[in-house]
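Shared between the two complexes below is subunit A, which has subunit B as its partner in the first and subunit C in the second.
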Partner chain A sequence: MESTFYYELRSGAQKNWLLLDLVRNRFGRLRSPDRSSAGDSLKSAKAATSFLWLPSCVSGEILEIFFGMAAIYSLYIINKSGGLIYYKDYGSAGRMDTNDSLRVASLWHSMHAISQQLSPVSGCSGIELLQADTFDLHCFQSLTGTKFFVVCEPGAQHMESLLKFVYELYTDYVLKNPFYEMEMPIRCELFDINLTQAVQKDRVAFLGR
Partner chain B sequence: MIGVGKIKQYGNVLDKPLTKGKQEVSLSAFAFLFSELVQYNQTQVDNIGELERRLEDAGYAVGARVLELLCHRDKGNRRETRLLGILSFVHSTVWKVLFGKVADSLEKGTEHEDEYMISEKELLVNKFISIPKDMGTFNCGAFVAGIVRGVLDGAGFPAVVTAHFVPMEGQQRPRTTILIKFAEEVLRREARLG
Partner chain C sequence: MAPVAPRSGDAIFANVERVNAELFTLTYGAIVRQLLTDLEEVEEVNKQLDQMGYNIGIRLVDEFLAKSNVSRCVDFRETTDVIAKVGFKMFLGVTASVTNWDADGTCCSIVLEDNPLVDFVELPDTCQGLYYCNILSGVIRGALDMVSMKTEVTWIRDVLRGDDVFELQVKLLKQVPEEYPYKDDE
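Then we have the complex of A and B:
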């Protein structure tokens, strides 16, 4: 069976294509019968993108030269029905407009769901890492279906732990806040403050490398 | 005391020693319970003032009980009768039992003789709570204010106790000040005692 899949996802306004090329060798390796850990399936997918999918996805080096540092471009939290409940832009290449960020969120939600269905291994938990020429997308899904994903420079390290930490902050400063309504956009001052600190710390760690 | 730790289990409540020991409960469990308390009360009220009052009432019951327990346990069935005595009792003994630490500061109000303030940089009940902008100056510390009022009232020092956010220079987060305004009779009695 040809193990290269093409997903054609058309976003109405921009008429952009997203060609998702699941690289043959990775796919093959994951499909081998002795590979029992199902969660690892579809862990990596190489996206062949021939366009600038995200405005903030200018090449990492350029951002680094001009703005000092930008390991993380943006952070999203989506609720279990695919609605964007938190979005934060860290890239300096201009903010994505609200419609685009909503679109990315629901697009990712659907793609994540599709990947679970398409996985050749049963019990797949969806895409955890999407690698493109200009960005990496790391995704973490909590047990309740809330997804946290971060768009970052290609090859950025420690994103899984950052996402776990963001999840921790979410459980502390969002879920324990009596004024937060479940599944609704997050507007919690303490969450913002602590998140900013966490990302800054991450950047410091990056600079230290 | 609220913090992370284990509680030793006793089959019978009477077997439990009255001396304090190290008794801690999970901070997360408390935070969720408190959050539910606030959310429940929010459904019962029309305005923020009323919500504040309800939280204070919930705290009052805690304060009254805490006073009883601590007088018996720490003070050998005696209670403070002087103003400064009861204030430092609240500031140190009560705070330590409830929050595991002494309150950050206890000050006398500069403008009024009958006002005292207990300030806390990060009040434990407010640790995970962000007040939405449309709620103005509402502070969940009203619950703690209620506890303080319960203790003071039980000890014979009726007072009006309120919780306020006070912005701090060079700090991102405001601190919480518990403002205690004693009733007139308390000050008169205090003056008589000399």
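Then we have the complex of A and C:
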């Protein structure tokens, strides 16, 4: 472990080892003076970063890889007919190729629709949260039928407000772009930039807890 | 997470970025003028303005929903109320009122006393058939279309034609049920 930086985000989480490799590959030798002092809970996230011996220019990116991006695995936007119009993954966990992401999108669209019909209460607006052993899926559907969902680590907080914010970004930087065609895949740079910032901001909130 | 309380039109209006009203008014005037030059027929211009408004409306509705936090309206009455009180305030900075409901609650009038689009406008004799603000009716139609309400929006009164206020009649034609499949097999 001499040449590596280890921080266990959640006990037993395999993905951290993957991230570890990612960082090691990207930045070469990084060292932590004392592995044990990194702690094993979220609470010490701040402490864990503060003692790290790192050039300040790279620490931001490492933080992003380790903390912010670890909380959110991927983000999807699907249009009202179930087509995937935006997909972005963060970090190495849960990464998917294009076909798989399209499949997830249409699968989720159908499941969402079925859940509305199966629901015992009337006026159900579909699944909002799917909890699995290794991930949580938070979904937000706008009244116009566009669905936004994030796949994140189990127990990640504040995802509803993040999705709400992504919706606002979508209205600002996608729908207001005169060259964006409705219901088509989103290729808007401004949206990408602002989305990345939003996810980073989420990271800051995450560190602050 | 507790549902977020709907925001008032004033609150949103205070928070969004705004442009100079004159720039807005003059830009709109230039568009209408150009359309008149290009299309020559007043009727065609009305149609085109309506179509432009529709295209704006189908995109604008999402911004409205995202920023106002309004939840699903229970009936058409509430919908028009929200348009008049929150929608107009948020995007035009004016408040409208809703009147003249018919018996079965599917047709009403939105009355605008103040309309920034017409600040400097006088209709010449050659353009008497022009609905100068027809873009607004298109916006409403487009926005409601996206939340599954087919409507017909027409101008009843127009200050530019000598009336005292602007009056838009909104008529609910049909409410498309939001159920799957969306007529896939047709």
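Throughout what follows, the second predicted complex is superposed on the first by the 137 of 209 C-alpha atoms of A that agree within 3 Å, B and C clash if a C-alpha of one lies under 4 Å from a C-alpha of the other, contacts with A are read in each partner's own complex, and residues count from 1 in each chain.
Note that in this section contacts are C-beta pairs under 8 Å (C-beta built on N, C-alpha and C of every residue); 3 or more make two chains touch, one makes a residue touch a chain.
Please read all numbers here as calculations on a predicted model, not as lab measurements.
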Query raised in the report: When the two structures are laid over each other on chain A, which of subunit B and subunit C touches more residues of subunit A?
Result: C
Query raised in the report: Counting only touches as set out at the top, which of subunit B and subunit C does A:133 meet: first, second, both, neither?
Result: neither
Requested in this report: Have a look at where A:97 lands relative to subunit B and subunit C in the superposition and call it first, second, both or neither.
Outcome: neither
Report task. Mind working out whether A:176 is in touch with subunit B, subunit C, both or neither, as first, second, both or neither? Result -> both
Query raised in the report: Touching A:187 in the superposition: subunit B (first), subunit C (second), both, neither?
Result: first
Report summary line: subunit A positions within both the subunit B interface and the subunit C interface are 172, 176
Report task. Going by the contact rule at the top, pick out the subunit B residues touching subunit A in the complex. Result -> 28, 31-32, 34-39, 42, 128-132, 135, 140, 172-173
Query raised in the report: In their complex, what parts of subunit C are in touch with subunit A?
Result: 1, 4, 58-63, 65-67, 72, 146-147, 178, 180, 182
Report task. Sort out for me which residues of subunit A touch subunit B in the complex. Result -> 172-173, 176-179, 187-191, 193
Report summary line: Within their complex, subunit A touches subunit C through residues 80-81, 113, 117, 142-146, 158, 160-161, 164, 167-168, 170-172, 175-176, 182
